[in-house]
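Have a look at these structures, which come just after this line.
Two complexes come next, and they have one chain in common, subunit A, joined by subunit B in the first and subunit C in the second.
Moving on, here comes the complex of A and B:
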């Protein structure tokens, strides 16, 4: 959609008012999550707490997609590459007993950064559909490589990741406890949200939005879009790798499926369903989709069809996603990609 | 460099698209503090000339010097940093962003890159620049509106304001009055005159009266070549120009 061609809106929405709704979403998420955790703790629940923790881990992958799609205007269909990279790095090193909680996280980031810069050098050079295909291809190559590498468990993946204690100095979090793991993941995802939200409001982040809006014009203002896109790509990769590193700590194993197209595509669907370019929307989207998948999956094995149909309905009737329902009027950063492509 | 007062020197610039010589051996210079205009009929190569100067396309032959530095082949972002800004004939804005944000992005180029990760409200200089331009271009009341929702005239004003936000030394205006009403054209003409007090302006314009009233120097292009150049009165009197352009207009 090109707003230049639309009718002039007589009343400009006040920006502060426009954001109010989304701000409520930001506050509501930890409140709802803590309520959920309390109930779970009282009831001694395990299954749903661990499922919710997984939803939060996948929300990290969705945030990574949103930075690229919602802010930079880049659709990556291979973001699972970095999620899997983080997961495998953590699983491998933890399985060897080489590192603890912090070591696993830092190693994932240390590996994701150079890989992202290298892959970004190739991918960012290409535009539009070629960028999409290259990100897709890179993830496929990485998945197949792992699939065929015996040292990384091949098609079986890596198992036997020990249950960890995360040492925070003042206190320790027992990752064997579903409640504690959930709370840790909640803190991590809210921390990521706040950090990324801050970053997207700095001159750096605003330049990314400008590139999404009109890359051609950005060059004539004195910015090199390529550098900004590469930086965004590296940031996104690190976010995906960080959440990926949490995965084996929760599930105790990793497998090549973590890098498959389905993971990448699910993350894009999560972002569109939650609200492109809002950061908070994809977090809700992740919880909603994991929830839907589990509920529908317990009824029928054909749940993918239902989710597909629901996704189409969602795109038609709430094109700005869950977060869009809480916005009063169109705002820049939340410009819906699904509408434009 | 032979003329130290020249902010821009174009030497033997040439570029072809396929078999078409879009710009063929064009040379001229722009004196600091002047308003220089490039005129010519449609297809004369004016816009291509602009694209060559600002780095959007690379010439097949020839040199572009900005403030004495050879900037031939530099990418547009580097040329912009060196002090050249441009507006576009077809409005080229961030349509899905607020007016204010359009200007802030452009003004952000003034900030050292070390401030890239500071919150935007901290960039005092850029914010002051945004406020100043909003007032100067009478867009203050539209600051929060999406650029795509502005009227055509407002968008043309914003186009120039965005180009000015980075505090360029040389401003290239590509048909700033394109599609404007008579009254708006007069306003724009007044505004360019005001601008020219602080910076150097290179202008592409169709409106001959506007050009003749504003410019210190006029370059006439015809079929990719420079037909004539000189002060407005001299160009107006040039028989070759009258034949090729003014006579037909």
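Moving on, here comes the complex of A and C:
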């Protein structure tokens, strides 16, 4: 109906100018992070290292949004639900002393999968806007329920999560040390990135991209889009829950705010800032957003307004985000736009 | 954070009356007591609570109608709708502090909100209409807008809860039921506004343009209707309805920066259950859900009413994924 891409499509790229590809971003991230970590370690810095670790944890949540929005074409406004679910599961079990590092991660995944399949059954059955609103409502309701459940700490949340040792067989990572936690989180996020990037290049991932472009055609080709979407939803929920489970280990507490709309919206903002459908973009976006928030927050407590305004500008003028600046013509599913019905 | 309709007192009162009942003994006397208790229950607990539900329901319908009309015509899910509801309430607070009376504020707020909505639609939302991902992008824009607006309220008015004076104190007794005057007034004004909206959409030339543009905007544009201006006007009208509801509800609930969040969830639920873009759906589902919420909060803790409403919404969607009623472009 409309001439597609009037806003997005970059004017034919200047042939003479060589641009950095997205893959350079992938290599640059751990390099920059390791440089940052070693500077931090030498200076004995804790605040910024912990902040950076939090940015990486939030990057996990953003990755989860990107799988849905960037690859499957589903906008979830309630992804914080799974982040919070993972965080609460880990905090509760760790607080009871019932599990260790691995147990906390595994149990949050074990809980997120059935919840996601159940919620996905309802949410994915209803299309488009309904999906968005259901995910939004689901997270709101879950947040309110936790807020009013005394066993889960109510509005105060759960406190007193012990400092952990992560046992990797050959070596141990002391999560009390900011540098070690940062390195662990960096490894985890890069692992998640590589794993998801691989997944999105398998036939499964390709089908998701096809669904995003044109769901009807996928159905005509003999695939059942519904199943693929549900699987993508479950994968995304697990990614969010896994990063959520790391949160109480870093901060030592969880609170109902982790499930609030602000959290979900921030994740979407991160993805848009970073670059939808690139996976690496949201990781950069998360670092950029956490950095921005800290800088702005030191000036004024009303930084939300500035971030909101920047976000709107990004949506209008730079819908491809940071990674879009580095994109070559053929990379990423963000490119192949077919008119969606 | 959750501000629920004020229900606690009647609920506890009912407990007392019910507990007293078995204490009195004797056959006929007991039957009479049971009857009295039942009537008293109806009179002092159920009826006021249903009136509460009805007033909230009418306000929910006003907000939900705006959402539904905006979606039905523009295909935009306005995530900032709750903030426009709050905007109405805050503007009225500013007007009060200037010495303007409640009645004048009620008349003044919609004309103030309309140009704001018009400019926002033309300046921001219309920019991404041509994009192939317009559903997602317009929604994201309104998310950004809601963040900015909420923070702006916090900046200008401070985070504290404000409560305007009740402009119509006192109550009326009708069939032994005590009805607060202000709620009756709210009910009357709300119903009148809903009827007026219906008239505009289904019985005027302007409404015909709106429905035609929702049905096929290219065809409508080729017939000489300024579709983009109709879009902006409809958006402005929808958010003004929310702002109007904000003024009306401010004396009952309070005014605080995040007031839009809680309320809009109920409106969203009503819109989904009724069918997005449907006029009748928004009205019926809004009234019904508010009633369910009001009555259920007599029996279950009020914070469970959100999960309950959500469960109803899910159940409706499982049976009818498109909601109960049709989109207005069809009707």
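Heads up, the rule we're going with is that the second predicted complex is superposed on the first by the 309 of 341 C-alpha atoms of A that agree within 3 Å, B and C clash if a C-alpha of one lies under 4 Å from a C-alpha of the other, contacts with A are read in each partner's own complex, and residues count from 1 in each chain.
Here, a contact is a pair of C-beta atoms (placed from the backbone, for glycine too) under 8 Å apart; a residue touches a chain by one contact, two chains touch by 3 or more.
A quick note: this is a predicted structure, and the numbers were derived from the prediction, not measured.
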Q: Please work out whether A:203 is in contact with subunit B alone, subunit C alone, both, or neither, and reply first, second, both or neither.
A: first
Q: Examine A:69 and indicate which partner it touches, taking first as subunit B and second as subunit C; both and neither are also allowed.
A: second
Q: Could you tell me if A:308 is touching subunit B, subunit C, both of them or neither one (first, second, both, neither)?
A: second
Q: For A:156, select first, second, both or neither according to whether it touches subunit B, subunit C, the two together, or no partner.
A: neither
Q. Counting only touches as set out at the top, which of subunit B and subunit C does A:133 meet: first, second, both, neither?
A. second
Q | Partner chain in contact with A:167 - subunit B first, subunit C second, else both or neither | A | neither
Q) Is the number of subunit A residues in contact higher for subunit B or for subunit C? A) C
Q: Go through the superposed model and pick first if A:141 touches only subunit B, second if only subunit C, both, or neither.
A: second
Q. Where on subunit A do the contacts from subunit B and from subunit C line up?
A. 2-6, 8
Q) Any idea which subunit A residues touch subunit B in the complex? A) 2-6, 8-9, 12-15, 198-199, 201-204, 206-207, 209-210, 213-214, 216-225, 330, 332, 335
Q | Residue ranges of subunit A touching subunit C (in the complex, touch as defined) | A | 1-8, 69, 75, 77, 122, 125-130, 132-134, 136-138, 140-141, 144-145, 147-148, 261, 265, 268-269, 272, 302, 304-305, 307-309, 311-312, 315-316, 319, 337, 339-340
Q: Flag every residue of subunit B that touches subunit A in the complex, lowest number first.
A: 54, 56, 75-78, 80-81, 85-86, 88, 91-98, 101, 104-106, 108-109, 111, 115-120, 123, 142, 144-146, 148-151, 155, 162, 165-166
Q. Can you list the residues on subunit C that touch subunit A in the complex?
A. 1-2, 71, 77, 79, 124, 127-133, 135-137, 139-141, 143-148, 150-152, 154-155, 218, 261, 265, 268-269, 272, 276, 301, 303-304, 306-307, 310, 313-314, 317-318, 321
